[in-house]
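All chains are identified by letter, namely A, B, C and D, in their written order; residue positions are counted from 1 within each chain.
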Amino acid sequence: MYGAPPRRQFLALGVLVIAGFVLPYLLPDYFLYIGNVLMTYLVLAIGLDLLLGWTGQFAFAHVAFYGLGIYGTALLHMRLGIPFVFGMPIAAAGAALIGLAIALPATRLRTVYLALATFAFAECAQWVFRTWDSVTRGPDGLRMSAASVFGFSVGNDREAMPVIAVITALVLAATFYLVRSKLGRAFCAIRDSEHVAAASGIDVRRVKVLAFVISAFYAGIAGGMYTLFQSYVHPDGLGVWTLVLLLTMVVVGGSGSIGGMVLGVLLIGILPEVLRAAPRGLLVWQEFAYGLILILAIMFMPRGIWGLFTKSRSA
Amino acid sequence: MNLALQAIASGIATGCVYALVALSLVIVYKSTDVVNFAGGELVMLGAYFGLLLLVWLNLPYVAMFVLAPAAVFALGALFDRLTLRRVAGRKLSKHVDLVPYVVATIGLSYLLKGAVRVVPYTEEVRRLPPLFSGPPVFAGDVVLQRQDFAIIVVTAIVMAGLWLFFGYTLAGKALRATSQNPRAAALVGIPVSTARMAVWGLSSAIAGIAGLLLAPKLLMTPDMGSVVMLAFAAAAVGGFSSLPGCVVGGIALGVIQNLVGVFISPQAIAVTPFFVIMLVLLVRPAGLFGEAVVLKKV
Amino acid sequence: MSFFSLNGVTMRFGGLVALNRFSMDVEQGSIHALIGPNGAGKSTVFNCVSRFCQPASGEIVLDGRQLLGEPAHRIAGLGVARTFQNIEQLHQMTVLENVLVGLHSRVAGYVPFLPGSARRNAEGAAIREADEILERLGLQSFRDTYAGQLDFGRQKMLDVARALAARPRLLLLDEPAAGLRNREISFIDGVLLDLARKQGITIVLVEHVMQLVMSVADRVTVLNFGEKIAEGAPAEIRANPKVVEAYLGVEAAHA
Amino acid sequence: MSAWRRGFAALGVIFLIGNAQAQTPGVTDKEIVIGLFGPLSGPLVAYGVDPLNAARMVYEDINAKGGIHGRKIRLVIEDDKCNPNELVAVVKKLITVDKVFILHGGSCTAAIAAAQEYVVREKVPYMMLNAAGDNAVFPATRYMFGSFQATQRVYGSALAEYAIKTLGTKRAAIIVHDDDYGKANLAAGKAVVERLGGTVVAQERIPPSITDITAPVLNIRAAKPDVILSGLYPAPAVLLAQKYGEFGMSAIPLMQANQGIPTPSVYAKNVGNPEALKNLYHTWAFNDIANEAIRSRWTGMYKKHFPEREPGPFMVTGLPSVLSVVDTLQRMGRDLTREKFVDAMEKLDLKTDTMTGPLQFGPGRRDALRSVVVIKYDGVTQKVMPGLFTWNGKDGT
C-alpha cells in the first residue's frame, strides 16, 4: 500500500468516536460492555496481525504483552498513583521494551522455532503473573480501582466507552498510516520474500525487531484499555485460550488487512453472545463447533472473510 | 542422594512419554511442515479408545493395544486427507505457511476435546489399567512402577522401529524422499499425497500408543492433551528434526522437571519446559540436535 | 583496476566446493555474461555479492569498495541490484508496491506516523519514479495487479523493474530470459542494451539462453564445477572446445 | 427471543419511557425472575451442568407446588463457560437486559470475582451457584453470597484439626496447588496446625497440570511427617496417592480435601493400589454418604426432571444455594425488593438434612457453610468419623 489513507477510513473513525460518546446514553451496560471488549480485542488483533499477517512472523507472545499492559497500567495507578493518561503509555512502552528484549534473540529464529520460543515466553510471563504474589496478587487475581482519565474517574462501561473509542480510533489511524508507509511495505516485503527484501536494501532483522516492538506496544495499549472497563484481572485469563481466540479472529477475519481484523473481531467476538440463543441442549457442542469452524474457515476461506470481498492475490 | 536418584529414575520414565509424543510431532513436521497442535488430543483419543475397547467392549489387552492406535491412525490419515491436503494444495507463498496449519490443528484439537467432553462418562478422572501390573520394583532405595518399565521399553521399540523403517525399508525411504523434495519424489513415481497420509497416520498412531502408556500413569481427562507442551519442549531440544534428539530431549526434560521440583521448588515445575525451550533456542536457534536452518535456495 | 571484480572467491557448503578461487573482472558500462551448466556455481556468485552467503576467502570489490565487509541490506545502497532465478516475487503486493520496495534504500527514513509534508513529498516522488519505471518496461497497465497474478514473462519483467528502481550502478540479472518466448526475449534484449549503452549501468548476466548471451554480451565467463574454465568475447567462447565439452558432457550425462 | 431482539426491545423501552423504574426489577405480581448460570460448555462443564440442573429442578419443583407466596419462579439460564469475560457479559446481560431480580450462578471463583465490583455497584443480590473459592466472599461485600459447600479455609482447617486433635499427629505435611484454592487451604491448615501445637514440616505448592508428582512427594518423605494434608484436585490427588503407595508411605495417614475425591469409588479404582487406601481420610460437606436415603431422594428427583441424564458427582453441589434462595424468599413474604432480599439472606440460618452443617450468613459474613465432616474410606466402605469440624472464621485470613 502506498500514498495517503483514503478519506472514508477517517470518516469511519469519526463515526466510531461519535458512537463512543453517544451510545452510553442509549444502550444498556451489556451492549456497552460487549462494545468495549470488542474494541480492546480489535487493538489486540491488529497488533498481532502486524507481526503475523503483515510481517509473516509466527510469534505467539502477544497475550504476554497484553498482560503486561493490564498489570502495568493498573499497578502504576494503584501503587504509584500515576493516572491513566501517563500510566497506559508507560505500561505500553514497558511492554514494547520487553518486546524489544525478546525480539533481539527471537528474530534469529524462524518458523516453528520462533513460534515455540515466543509461545514459551508467553507461558513464562503467565507463570510470573501467577507466582509474583507480592506485586500481582498472584492466583487471587488483582482487583483494580477505577482509572483516572484527565481527572475523571473511569471505572464502568458507560464512562469507559468514549475513552476506549478514542483510543481505538487513534490506534486505527496510526495503523492506516503505518501500513501505507515505507515501513509497512518493508513488513510486507519481508513476509513475501526475505531475499528480495534484503536485496532491495531492507534491513530485515531491524524491520522484524520494529514489527515486534510495535506489535507489543499495541498489545500494551489494549491492556491499558482493559483496565478502563474491567475491575479484576486473573492470570488464568492471560493464557493459551486468549491466544487461540485472537488467532481465530485474525485468521477468520483475514490476516494482513485491517478490514479483516474488524470483521474477525466482530464475528468471533459476538459469536458466543449469538450462541446464547441456541437451544440449551446444544450448548455442550460449542467446543466441538468452535473447532469445526476453525477447520472449515481455514479450508474454504484461506484469506479469511475479508478475502471473499477482495480480489484474489495469487494466480 | 537417593532423593536425586529417585527423582532421576522417575524422570526418565515420565520423560519417555514426552519423547513418544515428541516423536509423533517431529515425524509429521519433518515430512509435511505441519506443527501439530492437536498432537496432545491424539494422545487423549488413544487413551479413550483404549478405555472404550477394554472396559466397554471387554476386549483383551493385546487386541486393545493394536486396535486403539489403529483407530487413531485412521483418524490422523483422514484428517490429512480431508483437511490438510486442501490447505497444503493452495499455499499462498512459496515459503512454509505455518499459520494455516497451526489454525487447522488447533481446530482439530478443540473438535476432539469437544467431542470427548460430550460423553458424560469423561466428566470424572479415569484410569486405564496398566500394561504390566504388580508391585513396584525396588533397586536399592529407588523404586519404579512396572508400568514405568513398560513405557521405557515401548519407547525404545518405537524409536528403533522408526529408525529401521525410515532407514531400511523402501516405504520409509520413499517417505523421507517425499519430505525432502516432494516434486522430485513425485517425478520418480512416489505417490506423494498417499505418503503424506501415511505419515500422518503413523504419527497419530504413535500418539495413540503414547496415550495408552500414559493413561495408567497420568490418568485420563479430556484435557490430558496438554502434555503436548512438554513434547514440544522435548522436540525443541531435538531441533524438531532429529528423532534421537527427541528422545534425549524428552528424558532430559522429565529428569530436569523432577530435579527442579526437589531442589528448587515444585511451583517451578510448570514453567520448566518453557524455560528449557527458551534457553535451548537462545543458545542454538535450531535446537541442540537440529540442522542449522538456512533460507531456501534462491 | 576494473569497475567490479571478484578475486579468488572460494565458497563451500559443507564439504561441497561451490566456488573455487573464482575471479572475474567487469568493465564499467559493459554487459558481462556468466554461463555454465546447472550447478556450476553461477547463482552462488550472485549470492556472495548480495551477501546472502559468506565466502571462505577472496574479495569482492565494487568501484574500489570491499563488499564482503557490508551487511546484505547495505549492498543495494552501494548501487548493486539483482534479480532472482526462480521468480521470487513479493507476490502478495501489487506491481507498483513491488517497485516501491525496490526504491526502499532511496526513500528517506522511517516516519510512518507523521502525515507531514516531507513524508508526503518523499512518497509522491517515489510513486512518480516507480510509475516511470513501469512505463519504461511496459507494465503500466498492471500497476495495481498483485504480482502473483502476472503471467510468467511479466513477473520476470517486474523483477527487473524492482531491481532498476534502486537506480543501480551494477545490475545482476539471474536468468532473465529463462522460460520466455522469443518475442519476450527480444524485448529483454532491447532493454538490456538500452540500460548498458544509454544509461551506463554495468550488467552481469547469468543466462542459459545462448541467443541472448551472444547478442548482448561484451564478454563471457564460463564456469564449471565452481571453477572458471574460459573467458572472452562471445565469438571466442563459442569456439572454445573446453566450453563445448563442458556443455556436451552435461548434456550427454542427461541423456 | 434472541438476545439481540431482546436488546433492541430494551433499547426501545428506554427510548419510550426513559429510565423510570418504580417497581423492583424482575418481580411482578405473578413471577420472580432469577438469572441462573454456570459453565454449560467448555473445559469445566462437569462442574456446571448437573449443579445448574439441580438448582433448576428445585425451582421447578417449587413452581409445581404453586410457587412462593403466589409467585412463580421464572429462570433466565445462561452459559458462562467459567470464563471471566463471558461471566461478566452474562451478569451485565441479566441485570440490564433481562432485568432479573437476583443472580444465581457461577462455578468458578476467579470468573465470579471479575463480576463482583459490578454486582456491588448495581446493588444486585448475587448467590454463587457452587463456586467455593474464598476470593468472592473474603473480604465480604454486601451483595455477594456464596461458598454454600464451604470454602478452602474450612477444608484446610478441618483437615488440620482432625489430624492434630483426633489422630494425635504432630508433624503435618501440606500439599496444595499454586492457585487461589491452594493458597487459602494452606493458610488455614497451617494456622490451625500451629494453633493446636503441631508443626508444618513441609508445604508443597504444585501446579494443577503436574505430570510427575515424584519431586513433591520426595520432599514430603524427606521431611518425615506423621500426617499428609492434601488440597489437590481429582487427577493430582490420585497421582499423590499412587506415589505415596509406591514409596511405601502408607503408615502415614493421608487426608484429602473433598475436591480431590468427587466420587470415592472412582478414586479408589484410579489409585488402584489397596495399600494407598489403608490410611485415607477425606472431608465431606454433604450427608449423602452417611445417609443413603438423602442421596437417592435427590438423584430420584433429578432423574424425574432430566430423564435423559445420569446425575454426576457434582450434582449435589448445586443444592445448598438453591435451598437457601428458596428459604429466604419464603421467609420474606410478598414484599420483595433487592435490599430486603439481602437483609433476609443475611439472616439465613438453614438446617437441612442434606448439608453437614447449618447454612448461615450474618453481618460481615458471606460464606454459608463452615462445618464439615471427616470420612474414612478404605476403598470399600465409607465411615463417617464422629465430630463436626467447624472453621472459626479467623484461621488463615
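Methods note: contacts are C-beta pairs under 8 Å (C-beta built on N, C-alpha and C of every residue); 3 or more make two chains touch, one makes a residue touch a chain.
All values reported here derive from a predicted model rather than from experimental measurement.
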Topological distance between chain C and chain D, in contact steps: 2
Chain closest to the middle [Cα centroid of all protein chains]: A
Chain whose mean Cα position lies farthest from chain C: D
CA centroid of chain A to CA centroid of chain B, Å: 32
Chain centre separation (chain B, chain C; CA means) in Å: 46
Chain A-chain D separation of Cα centroids, rounded to whole Å: 35
Distance from the mean Cα position of chain C to that of chain A, given in whole angstrom: 41
Residue list for chain B, restricted to those that touch at least two other chains: 92-93, 113, 117, 267, 270, 295, 298
Numbers and ranges of chain D residues touching at least 2 other chains: 43, 45, 178
Per-residue multi-chain contacts in chain C, two or more chains: 52, 84, 88, 91-92
Footprint of chain B on chain D - complex, ascending: 43, 45-46, 178, 204-207, 209-212, 214-216, 218-219, 222, 234-235, 238-239, 246-248, 262-263, 266, 269-270, 272, 309-310, 312-314
Chain A contact footprint on chain B (complex, rising order): 29, 35, 83, 86-87, 90, 92-93, 95-96, 98-100, 102-104, 106-115, 117-118, 229, 232-233, 236, 240, 267, 270-271, 273-275, 277-278, 281-282, 285-287, 293, 295, 298
In the complex, chain A residues that touch chain C: 1-4, 174, 177-178, 181-186, 188-189, 191-193, 195-204, 210, 256, 311-315
In the complex with chain A, residue positions of chain D that touch it: 1-4, 7, 10-11, 14-15, 40-43, 45, 49, 77-79, 81, 83-86, 88-89, 92-93, 95-97, 110, 113-114, 116-118, 121, 135, 178-180, 182-183
Chain B residues within the chain D interface of the complex: 3, 6-7, 10-11, 14, 17, 113, 117, 120, 123-127, 129-130, 133, 136, 143, 145, 218-219, 221-223, 226-227, 230, 254, 257-262, 265-267, 269-270
